[in-house]
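Several structures are given next for inspection.
In the two complexes below, chain A is the common chain; its partner is chain B in one and chain C in the other.
And now, the complex of A and B:
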């Protein structure tokens, strides 16, 4: 039994030795380097581009502007360099192409762009009159007005959070090579199959003419889900110039052309009975939209799915601004969930009910919006397991009750919840004549452990040792499979991998029992046991190795299977301890415990790492991460890693991850559900709730930076 | 020739050059950028992982870009190109430095160690082993930098407590946030 065990990453060795080749690590003969020139206004027109100086740089092959760039359309995005309109600051306005990276970079500095600028608007506060409700963004269940009227206690509060940028450590990179009308792309993508389609559409060539590879991805978090226009432009340049082309984004460029989490304002109104049961939940939010797209990516799903409440109203408003289009970012629920879980904490103090108890009283087995029963749900167990491990029962509920030296100590908690995606996927498993096993599927391992988990799944289905199995991913030559987004990889693809491996097992068992030369000849196939690379008779008195069966057969046994899977809802409870130094308004998270119902756990080691990663994102969102937009120029003021702060090693305490580990019966992924995004969702609220418990001060605007907390601590 | 077969050919060349210490010709044309010389190029010798590499680079070429784009030593990663993330950390005469913040021409006569030079043949460095055992990596984008930084952290003696390791490893960002596991791995290897 290997599924569920804490198996070490099978791609670990490649990653710790530097042998793993990521997209930017590809270098091809004759390859050219492309570098982007970014616009410096947010709204208006380009009136002229002077490329004379740039073209004079030795090694420069071509400079593309909107006047001479290849003509392209994108399935899903505004395509720059097709006209002179500017829709956001940091839009691509030119591309330099040269023999070396340094030459391309130098040339990019020398491109002179003249604009006819108009006054932009970047933040919600500057466009309140333009807030509107896009189509299909309102859900009403029951009678919210009546629910509020029936409430004995009401909490009504506003919360807000800033734009965020994904900032994977690996910048976006794309290396394109043409052979006639066939294109090969090494792309930093969370979905090679999607990418293949996007490239094929852009160049009007058959999908089968495009091969996309991404065997290793240095993090995605949502900003590598789509193929962005710069990758299409790079491929178009490679085609036009007849040479392979490479483009790697500078870190600063990742703050305008590969999306962000939108600025988010929200108002929560909770109505409750004195015992804490909710009578109404009204959630009105507003988020930034771009001029070129109405798509929204921060949804109030938790308000619609998490708690028993007969009367629910969610209204997701937007406002069109001169900013890039936002996108899903690791746990798109985070922003709205922060409001909900903070409002519940506020309600718990209004009622004098313990925050965990308040959530227990509003627990539901049924999706309150659809009335459907959840396939399995162990959230109550999560509250118990998490609270016990944390020592929650020792908490003095009074804010400001615990001091240690200069510091206030506070404990807070929140529910965590994320509904993961699922899509149909195929996978191939082949046992070679020497008994070794290869599995191929065109999904990805973006750091989550896909290679390792599928190795476990195949090994277990066949009954062979892990080292007899090799898994290959993220190549469009393999059977099509899911995008690695929405925590959907394991949930979407495991079923197909398992089915293919099981089919191979059945076929090999059949080969053995039907062949007089096998010691298992004549036994009923369904009674054969497979383990450790052997086929056994039911009483284990007879056996034959896979290797022997395959050697006799002399040719590979292969199966390709396809499976669909249901979406699922993974929940949990997170508990944190903070220490607040009131002299500086400084907050440190000193302890964290999370307990989760994510269905069956496939690999305890990688699942724990996902939890730690998610929790740490929560710390970042709570305490430091925010993209600052200059309201005058609509430009990101902090497009770098020294002023867009991420949590560093010293910010992260010991974190404990607990799993209920019960299979979800509707999952075809051996009972597993998606999990990677769940453990972020509640952390910002839990930290804010802990700060309130420590100090009696409530901050409703993320992040909880020192200036905000000091202001609160110094007033009254 | 497909991208992959070309890649394999180069890997073979590189493997060959490590077996024989000074196959200059092979390393010199490892990539097209290495072949591209301009008037301002200067001939330098970089000593990386115990092997001398002669190459012609413009003075503005960073050590990081020389390693990655000229010598095809792509284990060292570029996360920011301005000293903020630590992904490009290598050892220079045993000290950890950010290879994006130094020029290749300044690093002649320096013993440079990159992630590719840490293992002894098939035998991983104890910190590489500990990273796998402790699951101190996810996507791997920061991992080479973390490991090189961790090796130096250990040799500097900054491992007397978990808090001390946290502090001295905070120049290496990990967006997947493997931090507690990185601390555990360094503690293991420091023993």
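And now, the complex of A and C:
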């Protein structure tokens, strides 16, 4: 058995030695370098662009502005450089193209843009009168008003969270090369197939004319799921100038053209009986939308799916501001989840019911919105496992009851939950005549461990050692497979990989038992055991290696399979300890335990890494992370990793990850469900709840920085 | 980034001569200069690489510790004489940046690093420090990180160096190619010329710092508060050196970071303690004296309270106040 084992990353060595080649590492003969010039107003028009000085820089081949840029359309996104309108700050206003990167950068600094600016609106607070309800953003189950009327206790509170930027460590990069009307793109994308479609549509060429590759990705978190306009422009420039072209974004450019998590305001109203059972859940949220799109990416799914409540109302409002369009960001459900899990904590104190017990009392086996039964759900086990490992039963429920030196100690918890996507996917497995195995599928490893898990799946299905298997990903020449988004990679693609490998096994076994030269000749194929690279008779008295069977056969055995899977819902419970130094309003997270039901765990190490990554990001989200927008200009003030703060090692305590590890019976992914986004959803609320337990003070506006905490502590 | 020329002189005289060209900049570790060049926050022409100069030594002689301008932050922090006689310097350095940055960056460059004000570092925004006379968007903008002391209507940017706060607390002296003067005189408040941050002339090279070894400096500490545990500039910081005689404060230095436009010493706060017992009352009085002239803006008023709390906490740790 290798599936489930904590197998080391098979791509680890290539990554730490630099052998792994990322999109930005591609350099092609004759390649041109493109560099972006970003606008400095959020609303208005470009009135003039002076490119004289830029064009005079040696090596500069062309400077594109809205007046001469290639004409392109995008179904998905607002396409810059097609007109003089400005819709957000940091919009692309020109592109310099040169034979070296340095020349392109220097030229970019010399482009002079003149604007006719208008006053923008940047934050929800400045446009409250413009809040509206876009179509299909309201769900009502039962009779929420009656549910509230029947409540014995009600909690009604407002919560808010700032915009966030994804900040994968690898910046976006794109390298485009044309050969006639065939296009090859090395693209930092979470979905090569999706990217292929987007490029083909933009250039009105058949999808098969486009090849997209992304063998390695340094994280995506949602901001690499679509193909952004800059990549289309880069490819258009390559075509127009007849040379390969490369564009790599600077970190600061990633704060305006590759999306973000929207600023989010929410109001939760919970009605409950004295025993804690919910009678009504009303969740009204408001998120910023852009001038060019009313798509929403932060959804109140937890409020609709997580707890037994007969009367639910979710209303997802928006307000259009002069900001870029937001996008899914790991996890798109966490903003609304923060409100729900904090409100439940507030309710637990109102009722005097332990926070874990309150959640248990509202546990459900069926989706409260649809009435459908969850295929499997071990959330109650998660509460038990997590609480036991954490020592929750020793918690004194009284806020402010534990002090250690200068510090107040607090314990808090939250449920974690995220539904995962699933899309039909195909995979190829081929055993070569020398017995080695290659698997190819056009899904991606965005840093999460796909290479490793698929290596395990193929090795186990065939019964060969891991080092006999090679997995190749993220090339549209491979069988089409899922986007790596919505926690869906493993859930979507594992089934196809397993089916293809199993078909190859069946075929090779057949080759053996049907050939008189094999020691296994004449045995029933279904009784053959495959293990360690060998085929065995049922009593193991006779055996033959795959290698030997294949050598005799003399040609490869190959299968391509397609599989679909159902969407699923992975849940868990997270417990945290914080220490709050009231002298300085300083919070440290000192312990974290999470217990999860993610279906079958494919690799305990990569699953644990997802949990640690989610928890760590959750700490940052709770205590420091936020994009600061200047309200007057709608411009990001901290577009760099020295002032956009994420948790660093010293902020992260020992974290324990526990898995129920029971297969989901309906999952075709060998019982696995998607998991990546689950273990971040509850962390900010759990930390806020722990701060309340430590101090008796509740902060409802993320992040919980020193200034906010001090203000609360001072108003004792 | 704009194109530039590069020279690597072998001695101080040559370095200073080359640096006389307009737009010339010294580069030491480059950890700030390169960012400023990339961000277009500062013009540059000739880059004069001073790493070949013999200015990296740390020596103690005749009651003075001399730190060469090219000594790396990590080496200074770990040096036994510094740790023993100037703990505040070592602590301030260890609380700065990251190990990687500290291995690259030199102490001369550190005290001349420029502000982290987001507007200053954004080539798409006006700023008086970057381009005099264009206005200061921080005054009415995002100024949570900005100064409450030493600001003007032209600039509120905080000086970001931790080391500078520590050097100020231990009476350091600046050595340059042409003169020596108290560290306290190195930095200037913005006034109407926020582009002018120090008294150094164009092309003047800092060669090192001299710090007298005193009992006061030996009893010194640094407290830095910030929004994450490490790898961040100070929200507020305090350097304190304290000499007691029995219960009485014989001498004291109190300097502050994160709250002021230059490394900030508060003689008023020191006076509130000198010759007095260290009690809750006197510490509170010192804190009040420190912030008496504070000017707050929309988002930075919390620093008035926080810096007093930091001072209180540090003095109690250092002096065992009762």
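Keep this in mind: the second predicted complex is superposed on the first by the 716 of 716 C-alpha atoms of A that agree within 3 Å, B and C clash if a C-alpha of one lies under 4 Å from a C-alpha of the other, contacts with A are read in each partner's own complex, and residues count from 1 in each chain.
In this text, a residue touches a chain if its C-beta (ideal position, glycine included) is under 8 Å from a C-beta of that chain, and two chains touch if they have at least 3 such contacts.
Since the structure is predicted, the reported quantities are computational estimates derived from the model, not experimental observations.
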First (chain B), second (chain C), both or neither touched by A:642: both
Touching partner for A:705 - first (chain B), second (chain C), both, neither: second
First (chain B), second (chain C), both or neither touched by A:102: both
Comparison of chain B and chain C by chain A residues contacted: B
Which of chain B and chain C A:714 touches, first, second, both or neither: second
Partner chain in contact with A:40 - chain B first, chain C second, else both or neither: second
Partner chain(s) touched by A:585 [first = chain B, second = chain C, both, neither]: second
Which superposed partner A:605 touches (first chain B, second chain C, both, neither): first
First, second, both or neither for A:630, with chain B first and chain C second: second
First (chain B), second (chain C), both or neither touched by A:447: first
Chain A residues contacted in one complex by chain B, in the other by chain C: 102, 250, 640, 642, 647-651
Of chain A, residues touching chain C in the complex: 38-40, 90, 102, 105-106, 109, 250, 252, 583-586, 588, 620, 623-624, 628, 630-633, 635, 637-640, 642-643, 645, 647-651, 705-707, 710-711, 714
Chain A partner contacts - residues on chain C that touch it in the complex: 1-3, 38-40, 116, 118-119, 121-125, 137, 140-142, 144, 225, 227-233, 235, 302, 305-306, 309-310, 312-313
Contact footprint of chain A on chain B as seen in their complex: 2-3, 6-7, 10, 30-33, 36, 38-39, 58, 60-61, 65, 68-69, 72-82, 84-85, 87, 114-116, 118-119, 124, 128, 131-133, 135, 137-144, 147, 163, 165-167, 169-183
Chain B contact footprint on chain A (complex, rising order): 8-9, 11-22, 24-31, 33, 58-59, 99-103, 167-171, 175, 177, 179, 184, 186, 216-219, 221, 244, 248, 250-251, 446-449, 605-606, 608-610, 612-613, 615-617, 640-642, 646-652, 654-655
